[in-house]
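In this document, chain identifiers A, B, C and D correspond to the written order of the chains, with residue numbering beginning at 1 in each.
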Amino acid sequence: SDNPVPTPQAPAPDILRCAYMELIVTDLAASRQFYVDILGLYVTEEDDEVIYLRSTEEFIHHNLILRKGELAAVRAFSYRVRAPEDLDKAVAFYEELGCRVERRKEGFTKGIGDSVRVEDPLGFPYEFFHQSEHVERMSWRYDLHIPGELVRLDHFNQITPDVPRAVKYMQDLGFRVTEDIQDDEGTVYAAWMRRKPTVHDTAMTGGDGPRMHHVCFATHEKHNILAICDKLGALRRSDSIERGPGRHGVSNAFYLYLRDPDGHRVEVYTQDYYTGDPDNPVVTWDVHDNQRRDWWGNPVVPSWYTDGSLVLDLDGNPQPVIERTDNSEMAVTIGADGFSYTREGDAAGTYQGEAAKGFKLGHQL
Amino acid sequence: SDNPVPTPQAPAPDILRCAYMELIVTDLAASRQFYVDILGLYVTEEDDEVIYLRSTEEFIHHNLILRKGELAAVRAFSYRVRAPEDLDKAVAFYEELGCRVERRKEGFTKGIGDSVRVEDPLGFPYEFFHQSEHVERMSWRYDLHIPGELVRLDHFNQITPDVPRAVKYMQDLGFRVTEDIQDDEGTVYAAWMRRKPTVHDTAMTGGDGPRMHHVCFATHEKHNILAICDKLGALRRSDSIERGPGRHGVSNAFYLYLRDPDGHRVEVYTQDYYTGDPDNPVVTWDVHDNQRRDWWGNPVVPSWYTDGSLVLDLDGNPQPVIERTDNSEMAVTIGADGFSYTREGDAAGTYQGEAAKGFKLGHQL
Amino acid sequence: SDNPVPTPQAPAPDILRCAYMELIVTDLAASRQFYVDILGLYVTEEDDEVIYLRSTEEFIHHNLILRKGELAAVRAFSYRVRAPEDLDKAVAFYEELGCRVERRKEGFTKGIGDSVRVEDPLGFPYEFFHQSEHVERMSWRYDLHIPGELVRLDHFNQITPDVPRAVKYMQDLGFRVTEDIQDDEGTVYAAWMRRKPTVHDTAMTGGDGPRMHHVCFATHEKHNILAICDKLGALRRSDSIERGPGRHGVSNAFYLYLRDPDGHRVEVYTQDYYTGDPDNPVVTWDVHDNQRRDWWGNPVVPSWYTDGSLVLDLDGNPQPVIERTDNSEMAVTIGADGFSYTREGDAAGTYQGEAAKGFKLGHQL
Amino acid sequence: SDNPVPTPQAPAPDILRCAYMELIVTDLAASRQFYVDILGLYVTEEDDEVIYLRSTEEFIHHNLILRKGELAAVRAFSYRVRAPEDLDKAVAFYEELGCRVERRKEGFTKGIGDSVRVEDPLGFPYEFFHQSEHVERMSWRYDLHIPGELVRLDHFNQITPDVPRAVKYMQDLGFRVTEDIQDDEGTVYAAWMRRKPTVHDTAMTGGDGPRMHHVCFATHEKHNILAICDKLGALRRSDSIERGPGRHGVSNAFYLYLRDPDGHRVEVYTQDYYTGDPDNPVVTWDVHDNQRRDWWGNPVVPSWYTDGSLVLDLDGNPQPVIERTDNSEMAVTIGADGFSYTREGDAAGTYQGEAAKGFKLGHQL
């Protein structure tokens, strides 16, 4: 990176895991229908302005907030830290980086205590907190479970123009890379990074940013994800399904991408792998490998590459979006000069200037 | 239809079910790898020219034959009849229709006794038999099952230009329609018909024909189908996956379409519904309903509409393909003047002149 | 059998399938909670006296009736016949057998037309009907499905003292045996018989009868059955689980047995096999084979052998229960002189005078 | 505890996770058949004396060792530590406790480097290591997966007479309690403890010890566990199934217990919950709650309570087994004076002096 984020002298806070996302939604009733009636998240608390939601297994107050606002956007990517003292570390870490930092002893949201919010070096609104009210873990409440039960908040995914720059900063913050997508020239298209021992707590996706690519919940089994699709079909809302279901190459997880009523992207995901050892092998995928993002070679729809949610600064204004100058993954794989292969070096199964199976149309009509 | 197949005076044979398909394949080793090593069908018998295969539950000699030949094609769509006497009925039925009929007491294939083969009024090579050697039903042989275990031969699917003409003939043969796809003008794009009480033993798909669209095996659960995709990915053969997995609107089954080494299409499918009552409700789908073929609104790839396997006459020569003159389902849904909707009358989720989610590319680049 | 039921000259009605059971329950609210709130059956119609229920796939008015009464019992085992004329055949068939027969043009229950009820030669209240109101098939209503979704009425199971006598009568009625349990001396302990091409529409279980052993609904997948157990646990009603879940040897299906608030036994079941060919191989199991009733060798609890529901005559009075004089399956497998083996002739895994794994307690304390 | 293990001044090593178990087996071929042919573990390396196995996801050399020996026993419970320096800490920690400690720079087994083995204060042979050869993670090798695929080593389970004493020592070693089973008087019957953020890396089960209760592998889905049972049935080895499958109350996981050819107990398990937060809520179960060990109220077979594997000292001699003096869980739940309830205080569903559903036999015959 030409413009590296310096490594602070101050030690990073000890982050446990991605904990919750705060979304601004423009129609609270519509969003409630999507997240509560369809996806079945549990309401911890709600009023006319904000709904606090959680998935089955969560015992802290919420792992998703829907807040009514004018502009659909992300107000916070929030991480839980191990101890109250880690908040002091977070303040020092970001102040040393010259970031805007705001701390509130009473928290920024219900159910959460002392918290630090920052505008991070990449432009994202990051939050750190330790204290939270405990609520019922619904794991044993099978009387309330639905076929598409969402069990855990699994990860965030962020869009940023310069992935190596983002990775280096996140490593300074204590994250470890588990997988990435590169090309032969070393351009990095995306990287996955974790604190908890799953494939990621967040990923950096190369693109115009800062924007939010998606927030992801995990299910127990694959049929739970299929049930979400079936239900959307029954409700005549299949156009909420953006991509999938499918099997990721990266992470090896089974996945589905939805778009909420504001276009915020939600992934549902299951069965990645344990990554908690310090020498956990990093997997690097070739950007031209057609199985990297879908192990079955099904096409990535363009909107998945191009669309993302704005993120807010600490005043609630949208952060300006900076264009990516590195190659775009969409262009190098399905653009005019792009290609992707099923088997490296085998012309059969190599898609030139088009996407895989889904996009044969133009060539045949 | 302008050219209806007359209704014979002779009674139709009492057909139990679709029983097996005989495929001509050009590379027997490659096909064996696909059907045996990958899909896990059980080999009943084989030599250098032909392989007799069956799925888990089958107790007759085979439900798929791979026969080596110069030209990839279908040599027989074979149905089992209730009793030996039904073969006399089959002869009389087709002779009255003026069809070429050939009967062999010793059968046309190993494991099968007295059989009747015909060139039917639609040009398809249909076979009828009753007697078959019994082999081990592998249902209890869990020591041999694989993650993608194929349990039953479920149905055939045939391409024919004039669907109503085909349906009327099949009804005369004793089949009942369970579902179909039409438009407001009454054009019929496809119809599903059954003898056994599932959604179908065969379907008629409107298109240039006679050609074979696909042969379908059923699994027990949805994850079995996902496992086939995962395995193809692991073998770097994901380009064998043509369409899906997904949920059908028609039949309500979970599905996947593969292409074998010769391009013969194989479906894997599970969980349609019981249709055995005489007043079983027929479901008619609007051709513009974007959930009719994929309940989740995922696009049908063009090759699925356009490609099919040739079928042979009783001398082993390919039947000429006659063009469909009715509207094509692909053209009315994703062609220049076509459209499909998620919710009838709702412009949101209506795809004009393009397919659903998978084909947004052309509009954005 | 010493007392065979004579074969009528009159032809049997053409039975399509087991269609519904009418249960007398003593606490309608408690039963509603069990069948509707817990098991998720759909209410077609209900009032203070009776509730008409159906499973997902059913398009006739109901496949289970709960009727309030003083004495928990079965009022009808109801079969659907192919055509209205089959009711005349049913009348003639049973009148020739000297059975009490009652016909009501308006039906005995809501939603059902012209019906014949009989006290059959075994003492069971059998019903035959053809006409039924159609209702919505809920297969595509994924918005309403629950994790333990019951899809089809699969079969009945009846307790009768003399199984061969019962089988011969049922064969005269047009049923075919698919599997049975015998011993070396030819004693028959149970037999499974079908009209629709599954393993059974009803089974005859040797014991004091006539009594109803269970009514069974099918699910799509095995996890649906596990979800029912999980839900019962969450509701602190795990004592409703009598036996299982497990894998049957007989039928190869995955199963669970519940007891409703009156003690009526309900099975949930999935994935048996196609049996529709006339030469479908009959499977005979050795009564001492410890995998015959549970493929995993888990013990059958005694209540499963001993308990059953009374059945009513056409006046609504309970039929007297006649003792079985043949050997009891429980006695020959887990009684003082009984035994069962995992591998025939292998003392390891042979349980002498005790049941399999679950009953080791008495020998150890 | 009357005899507490003192808390060392030396800091505990930073343990990542339970990593492997070394088993002594008396018939290597029989054990290979069980673990490789049936359970499908991958062989990393093997010779005539020892087989190194791993599950799908493992990237270190092995997570199970089968070593041929005279006496079936456990030679090591091995934990991976975060850094090489943690081995020095392990030495200091255990030396301060007065334990026998042995360190080998070259490791005690193939594939593992510098290692510390100790006879811990409870008498168990514990190992700590950091360095290991990396091998292929088979997660993407779907071509090799089987229906019962074992994905991760999940946990150990140890039998020890004094559970609170064991817990206190394990807490000093850095473990956190997630769940336990107690009675009103505060007797602790079992406790679950973790390093990685699952319900446990090991559990302490009250009983005569030190003995090994079981080693547990995780699968992705519940049907994978059912497939193991089905396969054992097909191989006529259902007597290897000791208990389950079922749903645990404790841990909320779906489970199965098997016995290998030497009687070593192996659990297969899936879908517990995330426990990585320091304030993760501890769940305490009443020993009389009949859903604590099986959420469906199915009985725990006595052998599950009474049997365990011997463990070896560092010379390879079996450790003497010390009797538990606290109440036994079996006695207080299914013994003469024991009881368990489905609903606290509700006599219906309370089993007095007997186990739940499986043990009604003695009362009825």
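Keep this in mind: contacts are C-beta pairs under 8 Å (C-beta built on N, C-alpha and C of every residue); 3 or more make two chains touch, one makes a residue touch a chain.
All values reported here derive from a predicted model rather than from experimental measurement.
Visitor: Among the chains, which is located farthest from chain D on the basis of C-alpha centroids?
Guide: For chain D, the chain whose C-alpha mean is farthest off is B.
Visitor: Would you mind pulling out the distance in Å between where the CA atoms of chain C average out and where those of chain D do?
Guide: Taking the average C-alpha coordinate of chain C and of chain D, the gap between them is 41 Å.
Visitor: Based only on mean CA positions, could you tell me how far chain B sits from chain D in angstrom?
Guide: Comparing mean C-alpha positions, chain D is 50 Å from chain B.
Visitor: Counting only residues that touch at least 2 other chains, which ones in chain B make the list?
Guide: 140, 221-223, 230, 233, 249, 295
Visitor: Tell me the shape of the graph of touching chains, choosing from line, ring, star, complete and other.
Guide: Looks like everything touches everything, fully connected.
Visitor: Which part of chain A faces chain C closely enough to touch in the complex?
Guide: That would be residues 140-147, 149, 221, 223, 227, 230-231, 233-235 of chain A.
Visitor: Note which residues of chain D are touching chain A in the complex, please.
Guide: Spelled out, the residues of chain D in touch with chain A are 16-17, 57, 59-60, 80, 82-83, 134, 137, 139-140, 151-152, 196-197, 220-222, 249, 252, 271, 273-274, 276-281, 295.
Visitor: For the complex, give me every residue of chain D touching chain C.
Guide: Residue list for chain D touching chain C: 221-223, 226, 229-230, 232-233, 236-239, 241-243, 245, 247, 249, 254, 290-291, 295-299, 301-303, 306, 334-335, 342-343, 348-349, 355-362, 364-365.
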